[in-house]
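In the two assemblies presented below, chain A is common to both, partnered first by chain B and then by chain C.
Let's look at the complex of A and B:
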C-alpha cells in the first residue's frame, strides 16, 4: 500500500509539475507581452480570467470532447491545469513589471539600456518576487485541482479519494487526501522561501 | 569633450516653440513653475521626449539621425529620487554605464573608486551596500556618481535635490559644484537660489515658452514681472 501511495503521489507531482512548467514557459512571455501592448494585454487577461472562473469539473467536462487535447486520461488533466495555472503567472508577471518604479525605469532608459537590457536587467529581476508568487499560487491551486482530475481518468491522488468514496473506505480516502494536503503545504512553504530570497537589498 | 545643445523651434503638447542654444561646457539652469515645460525640454535633449515639430541637435547633429542609446550612454542623467536600481549594489549601480560601454572590470573599479571618493562615500565602505540601506542624501550622491563615472559630455539634472531636507540639499549643491567637470550641464529646478548656485546661466520657462535667458548674475535685475516674482519668492537681493 505504501508503495502504491508513493507511486500515485509521484504521478500527482508529475502532472502538476508538467502543467505549471508549461504555464511558466507560456505565461511569463505572455505577461511581458501584456505590459508592452496594454490593449491586447487587457483582452488576454480577460480571457484567462474567464477560464479561471469555470468550475474545474466543468472545465474537464468541456475538454473531454475536444479532439487532440481532450479525451479521458492524463492529457486532459494536464491541459486543464495549464489553463488554470496561466492566470496567476500571467497576471503576476504583468503586475510585477508594471509595479517597477517609473523613476527606476526612466533612469534605465536614460543611462542607455536597450529595451532588451531594460527587460532582462531591470524589469524582470524586480518583478521576480511577484512572478514567483504567481508560480506558487499556480502550484498550490494545481495540486488541489489535480485531485479532481481523477474524475476524468487523469490519475493522481484523486484516484484514491474517488475510489475510497465509492467503496466507503475512509482509509483509502485519507491515502489520497493526506498526501495531497501535505504536497500543497510543502509547495507553499518552499516557494514562499524562494519568493523572499528574491527580494534583495 | 563637452557637447553643444541646440533646440530649434520645438512644439509638442506642452512646448509652444522652444529655441535655445547651449555652448559646450556651459552650465544652464532651467527654472519655472511646475508644468512650465522645463523638464520636458530637458528630456528632449536625451530623446526621452520627442518633438512634434522642430528639432534638437547635439554637436550640430539632429537627434533624429543620432543613435539614441549611444547618446544616452555619454549623457549623465540625475533625477529626483535618484532612480538607483534597488536590486543592484552601490558598486553595480555606479558600474552601469561603464559596463554598457564595455570597459574592462579593472578600469571600471578604478573609475568607480575615484568617483566614490569624490562624493565622500568610499567604495570599500559603501560598494557592497544596497540602495535601500542608504539615506536619501546618500542615494542621491550615488545617483550623481553613477551619472558622472564615465565622464559624460552632457549632464542632465532634473530636480535632483528636490526631495531632500535643506541642509543635505545645500551639501549636495556644494558637492555638485565641486564635481562640475567639463560636461555641458542642464539643471532643472524650481528653486532660484539653487539655480544661481549651480549654473552660470538661467533660463526661465512659463506655459511652454521661454520668458528670459540671461546670465545668473543678470537674472535678478531683469525688468520682467515673472522674473521679479521669482526673485521676490526666493528672497534674493535684487
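Let's look at the complex of A and C:
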C-alpha cells in the first residue's frame, strides 16, 4: 500500500509539474503580450477567465474526441490543468508589469534602453514577485485540481479518492487526500521562500 | 438596536419551532436513469402533498446506501442484483428480508430489469455477439470502466473469472459518464453500461449477450426508510403506486428522451408519471 501511495503521488507530482511548467512557458509571454497590446490583451484575459468557469468533467467531455491533445489518460488531464493554470500566471504577469512605476519606466527610456532592454532589465525584474506569486497560486491550486485526472484515466492521487468515494471507503479517500494536502503545503512553503527571495533581491 | 436584535432572534426561534416537518430527502445515483427515477419518486411524493428535498446525482451505489442507513436520505431507487451482490454481499439472500433488518423497506418493483451491458462498437467488432466472444479480442481490446464496476464483486474481476477472459491491458478507470464518449471516440473498446441505456443503438454500439448468465437480475425497486410516513403521511402509499409502472422498453425510451433528445429530466419524469 505504501509503495502504491508513493508511486501514485509521484504520478501526481508529474502531472502538476508538467502542467504548471507548460503554463509558465505559455503564460508569461502571453501576460507580457497583454501589456503591449491592451485591446487584444483584454480579449485574451477574458477568454482565460472563461476557461476557468468550465467544469472539469465538461472540459474532459470536449477534449476526449480531440486528436493529439485529447483522448483518455494523463495527456488530457495535463491539457485541462494547463488551461486552468493559465489564469493566475497570465494575470499576475500582466498586473506585475502594469504595476511598474511609470517614473522608473521613463527613467529607463531616458537612459536610452530599447523596448527589449526595458522589458528584461526593468519591467520583468520588478514584476518578478508578482509573477512568482502567480506560479505559486497555480501550483497549489493545481495540486488540488489534478485529482480530477482520475476521471479520465489519467492517474494521480484522485485515483484513490474516486475509488474511495465509489466504495465509501474513508481510508482510501484519505490515502488520496492526505498526500495531496501535504504536497500542496510543501509546494506553498518552497515557493513562498522563492517569492521572498525575489522581493529582497 | 440591542432590543431589536433580541426581538429578531426571538422571531427566528419562533419561526423555526413552528416550521413544518422535515422534507423527505430523495436521492439518486450518478447516471441518467437513476436521476430520472429519483425525479419520478420526488414528483410522486410531491403530488401526494409531501415536501421533498432532491439530492439527485450522488456518488454511486455505496454513497446512496450509506446515506440511507445513516438517515441522510429517505428514499432512492436501487436494483435487486446490486443490493444482493454489492451492498449485502449475500447473492442468495431474500432482499426484502435483508433490508428489513437494516431498517429499510425494499419497496415496489418498478417493473424493469436493468442489467450490466458489456458494450462494444458495432463497426470494428464483427462477429462479436456474446461476452464469451471477447476471448478473441482480449489481446488487443482496451477496456474502460467507472470506478464502481472495477471494485464491485459482480463487476469486472468476477466477469473475467466467469468467462475465463484475460485482457492484455488493464482497464482504464474513469468517470462513469465519460465512458460512452471515450468508446465512441475510439479511445477504449469495451465499456460496462446499462442494458436500458438509451444511446446504445443510436451511437452505433451493441450490447453483448451474457451467454454464461454471469449477471443476476437487477430489478429496479424504490427503497425507503421504515419511518418515511412519519415525515409525511401517505408517502409509502404514494411510492407503492409506482409498482410495475415501467417495463424495459419504457425505461429505455425515457433514457433516450434525456440522453438522445436532450429533454429536461423533470419534464420526462412528469410525462412518465402521467401515463
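Basically, the second predicted complex is superposed on the first by the 200 of 201 C-alpha atoms of A that agree within 3 Å, B and C clash if a C-alpha of one lies under 4 Å from a C-alpha of the other, contacts with A are read in each partner's own complex, and residues count from 1 in each chain.
In the analysis below, contacts are C-beta pairs under 8 Å (C-beta built on N, C-alpha and C of every residue); 3 or more make two chains touch, one makes a residue touch a chain.
Quick caveat, the model's predicted, so the values are computed rather than measured.
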First, second, both or neither for A:72, with chain B first and chain C second: second
First, second, both or neither for A:3, with chain B first and chain C second: neither
Contacts of A:55 with chain B and chain C, given as first, second, both or neither: neither
Chain B versus chain C as contact partner of A:122, first or second or both or neither: first
Set intersection of chain A contacts, chain C complex versus chain B complex: none
Chain C residues within the chain A interface of the complex: 59-63, 65-66, 144, 146-148, 150-151, 172-175, 177-178, 181-182, 184-185, 187-188
Residues of chain A defined as touching chain B within the complex: 101, 103-104, 106-114, 117, 122, 125-126, 200-201
Chain A to chain C touching residues, read off their complex: 57, 60-61, 64-65, 70-73, 150-153, 159, 162-163, 165-168
Partner chain A, residues of chain B touching it in the complex: 46, 48, 69-73, 75, 77, 79-87, 96-97, 100, 130-133, 146, 156
